[in-house]
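Note that chain A is present in both complexes that follow, paired respectively with chain B and with chain C.
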Partner chain A sequence: MSEQKEQPDLTRRDFIRSGVRGALLAGVGAATGGLLARSRSGDTVWQIDPEKCIACGNCATYCVLKPSAVKCVHAFGLCEYCEKCFGYFDLDAPDVETGAENQLCPTGAIKRRLVREPQYEYKIDEQLCIGCGKCVAGCGQFGMGALFLQVRHDLCINCNECAIAAACPADAFRRVPADKPYLLKKKQ
Partner chain B sequence: MKKRRGISTTGVIIAVVITVATAAAVVVILRFDPTGKGGSGLGEQFVYDSEQYRKTDPNLIHYKELKPIETGLKVARGIAVGPDDAVYVAGDRKIVAFDRDGKSIAEIALGDPPQCLAVEADGTIYTGMIDHVEVYSKGGRRIAKWPSVGDDAIITSIALSDSDVFVADSGNSVVLHYDKAGRLVNRIGQVDKERGIPGLLVRKPCIDVAVENGKVLWVTNPGRWRVESYSFDGAPKRHWGRQSQEIEGFCGCCNPTCIAVLPRLRQAQSSHGWLITGEKGLPRVKICDETGCLRSVVAGPEAFAKGTVGLDLTVDSRGRVLVLDPVAKAVRVFVKKDD
Partner chain C sequence: MRRLIQFLIVLTVSASVAFAAAKLPTWYNLPETTTPAPQSDIFEYIDVAVLAAAMALAAYLALKRRSRRGLLALTIFSLLYFGFWRGGCVCPVGSIQNVTLGLFDSGYVVPATVIAFFALPLLFTLFFGRVFCAAVCPLGAIQDVVLVKPLKVPTWLAHALGLGPYVYLGLAVLMAATGSAFIICRLDPFVGFFRLVPLGKWGQAIIQDGSWPGWDLGGRFNLLALGACVLLVSAFIGRVYCRFVCPYGALLRIMSRFSRWRVSITPDECIQCRLCEDACPFGAINKPTRRKNVSRSEGKGRLAALILLLPVMVAVGGWLGGRVSPALSGRNPTIRLAQRIRDEDAGKVKGTTDAAEVFRESRRPVVELYEEASGIRREFLLGGRLLGAFIALVVMLKMIRFSIRRRRDDYEADRADCLACGRCFAHCPREQARLKRIREGK
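So, the complex of A and B:
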């Protein structure tokens, strides 16, 4: 009798909770402000639907910008601050310890900080993140799915034809209103 | 002459535009990768590969699968076995029942979506809604509706003994122990340092409960990757389990998500309960003995769709392991290979 609440049609209370939680998204607040200043009513921008994204890696390599305008973001509201985070630790990590050999992110972009035993906070260093999605896959498969990819609109130049969208195998890219440029992940 | 030069320049521009457009189209077509298998061009170190854990050593799998029972439900949530090994499944806004051969025998319409259920030997059904329990007669008449457990309640499992009803409330990380009339007897599994109870740690609502021999309550503690047993007065007895992606452990951030007690006919010399456990992340069903030692794999991750979440399971008097697969919306039936 497990996880019945994860199924969408029932979760009135969960849904309310997740809506609040989903809003607690790290990293996109400032970018949203910048975009709002630029955008006109009716403008649209590219964004990734996190429910469709399969973290294939194309976001890191197909963007016309180097590094990519796609970055990992972290919905703190969905995160359980796990001691063993499957977005942070390599699947085969021998220890729950922050040595580089145990870390999953190839660029060392995720920072781990003790909040209160046994809870740890994980933050993305966007200067280092290339949007490869490896941590998204780990957190999605074995964790809470709190890490996901978003096009950062303080970086994206809003190409008419987004090169990643054309290459996305999951049809996860779509145009969204410029004044609501992020697609927040909800607890399912 | 001037006119001819003009035509020529326009022609060149058109030719260039067509060439560029064609080249761009070719590039787009060549780069389009509808399956995602073409690769991103990133190095090995950027690839998240969990496939090694999705294959099970065939020598560990001692069960084979029989024909599944199609539930006909859109959302299948909980499973239980009733008298004569009838199989009851809760989902949508109803309970559906099948005889031991999978033939439909009953359907009970409910007012709310059920989350879980348990069935008495006489066919009385206890079903957990999100925040309360409802009791139905064998014929499908509602006998009782117990009061709401509270606003934060997320009822995920029910287990029965002769005179007790155990209700797992994942929203409040506790097992509520009632008598059959719905009177609360005590709360089990809450933090109690003096008794050495660390508390049920729930990241996703998946506490499951099962009763062994009418005397011992087993509870999943998924955030601690273990199962715990209690006497009915709430005194802790034993626990086992550890986090590991390997088949011997419980994988991911929170597992196991469901349990059932294997009937004694399947236990070699053991006087204690062997448990059947189900996991998510790597969906797998396995049997461990009273010390937590892996004895058998019923079904490995390769038996389920990738990403399957929300398995539930039970076992009938003949030792058939019945796994409710919410993706297939079917009861998957597993029997010992040598049966």
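So, the complex of A and C:
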């Protein structure tokens, strides 16, 4: 008997509930449907615009990975193969040879090799590079700017909000299409 | 001055340097700049599949099978998979911000997998209750497994603290919509723990030369300390983050209120034995109303007053929100830069920052920056007002809910609070009898 009494009350509540459920369903559907349509243009990854980068050093310290997923890369086509490389040698270096006291790189990640007097080749050992950008600043200031920083995507775990991007003073980080994940420097 | 000295050094040095001198020898092959490809996104699609499967299983275990043991096993699996193996990212909690930014910034593309992570738990909750919270969310799981001695939070305090998720949700949406920051990701208390262990993509990425630098806490120390505090508290106050902080929980509570099916303490009739009264460590079991015949007209005056007060309070909330918006907008990088430039020009601060230096070197007119900043400030003013109105609305609706007297005859899981963990099942003698009947094959 008592069940019969409760019946109409329950149905009314259930009716409202299913109405609201339908509305919520439509809301979630509308919000995500539009975004899904746009997402077909492909996923994105983080990258540094080398033209904006000021080699401040944040890339080495703010990345959630230690060492950072940002490494120095070398646009060999731009490089002048200088004997005294401003990316390789400290300005106050006592001598122009490969001794650690002469090098700008704190981890000795740049390998210097003679091509033909007075031309030297500089290669980055990414296993050692910590992305501090000291060499980038040196090369950019006095040299050709052939050294620059890039997010290396074999390492980057593509955080939702890149911690370096949030700390970048030059607004140099941006999301780029995952199928074109690098912003390389080229010879003009 | 430093620049000048450097310049002089360069002048003297460059005399001995062959700038743009000889061509490279013909035998020399110009090396290519390597471009390693991003990690395959196949794993992200697997994540979505695992998420859907885990929620379907959780719904089955909670509603149909009614197995606490099964839910616990699934909880541990989710903690290992979404937490330690996948490093706690992507997660639905953080996806709120991506979806918000996507809705407000047409240039931002939300990955399909992130949209799925946002929408699937909402849809599941709309049909089965909070089964995502029960056994799939890694943030919930890590708190659930450390719960040793649940203490009761006084009801009034639980209700007051329960406003936290809505405030956090509103703030996170405001910060994401203005493109200022993803605060949920920055303040995630557990991701640091997930990443202490070298597993999954996180482990692959970090073990570059065979060593594991993960133990070097470095800049993560603060977050880990926060996480440790939250875990310590959640050993005694069950799922403290889920109940009083989680912004995604606020959305799920709304969904759960209107869910098609939900967890019941017993599928049979409640005999009001009171054995389940203290079974829920999250305070989600509602007692029957004390008096049997509560007249609906009782408290009518209070209800009417509250409903009349609602628009007033929303307006006051909006006004207050507008007042605090300048403090919130201080988190926006553009506004910070504009403030810095203004202070530097006024001589209020000494020296300069990297960002200010970059701005000055770009030769962009200061007026343009100020205009951009004041545009963002206006967005924040509007957003702050909406946020204030939203919080006032949530508070008032809560008050109104208290004033509506509904008769409840049985012990019931609260529609919004219940996390579908299944702990109460074993406390119910009717459930025990039911299980016995099933065992005996009747």
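We adopt the following convention: the second predicted complex is superposed on the first by the 144 of 188 C-alpha atoms of A that agree within 3 Å, B and C clash if a C-alpha of one lies under 4 Å from a C-alpha of the other, contacts with A are read in each partner's own complex, and residues count from 1 in each chain.
The working rule: a residue touches a chain if its C-beta (ideal position, glycine included) is under 8 Å from a C-beta of that chain, and two chains touch if they have at least 3 such contacts.
Here the structure is a predicted model, which means the values were calculated and not measured.
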- A:134 contacts which: chain B (first), chain C (second), both, neither? first
- Message: Taking the superposition on A as described, I'd like to know which of chain B and chain C A:170 touches: first, second, both or neither.
- Response: both
- Message: Output check: A:183 vs chain B and chain C. Expected answer is one of first, second, both, neither. What do you get?
- Response: neither
- Task: Return first, second, both or neither, reflecting whether A:60 touches chain B, chain C, both chains, or no partner chain.
- Result: first
- Of the two partner chains, chain B (first) and chain C (second), which one does A:48 touch, if any: first, second, both, or neither? neither
- Task: May I ask you to name which of chain B and chain C touches more residues of chain A?
- Result: C
- Message: Taking the superposition on A as described, I'd like to know which of chain B and chain C A:80 touches: first, second, both or neither.
- Response: both
- Task: Return first, second, both or neither, reflecting whether A:123 touches chain B, chain C, both chains, or no partner chain.
- Result: second
- With the two complexes superposed on chain A, say which partner A:153 touches: chain B (first), chain C (second), both, or neither. second
- Message: Between chain B and chain C, whom does A:115 touch in the aligned arrangement: first, second, both, or neither?
- Response: second
- Both chain B and chain C contact which residues of chain A? 54, 56, 61-62, 80, 82, 84, 86, 91, 141-142, 161, 166, 169-170
- Item | Partner chain A, residues of chain C touching it in the complex | 6, 9-10, 13, 16-22, 24-25, 28, 30-39, 41, 87, 89-90, 94, 97-99, 102-103, 106, 108-112, 114-115, 118-119, 122-123, 126, 181-182, 185-186, 195, 201-202, 205-206, 208-209, 213-214, 216, 218-220, 254-255, 258-260, 333, 353-355, 357-358
- Query: Mind pulling up the chain A residues that touch chain C in the complex?
  - Reply: 17-18, 20-21, 24-25, 28, 31-32, 34-36, 38-45, 54, 56, 61-62, 64-67, 69, 73-77, 80-84, 86, 91, 115-116, 118-119, 121, 123, 127, 141-142, 152-161, 166, 169-171, 175, 178, 181-182, 184
- Query: In the complex formed with chain B, which residues of chain A make contact?
  - Reply: 1-7, 9-10, 12-14, 54-58, 60-62, 80, 82, 84, 86, 91-92, 104, 106, 132-134, 137-138, 141-144, 161, 166-167, 169-170
- Message: Give the list of chain B residues in touch with chain A in this complex.
- Response: 28, 31-37, 39-43, 45-50, 53, 75, 77-78, 113, 115-116, 128, 130, 151-152, 154, 156-158, 168, 170, 203-206, 208, 223, 243, 245, 251-253, 257-258, 278, 280-281, 307, 309-312, 326
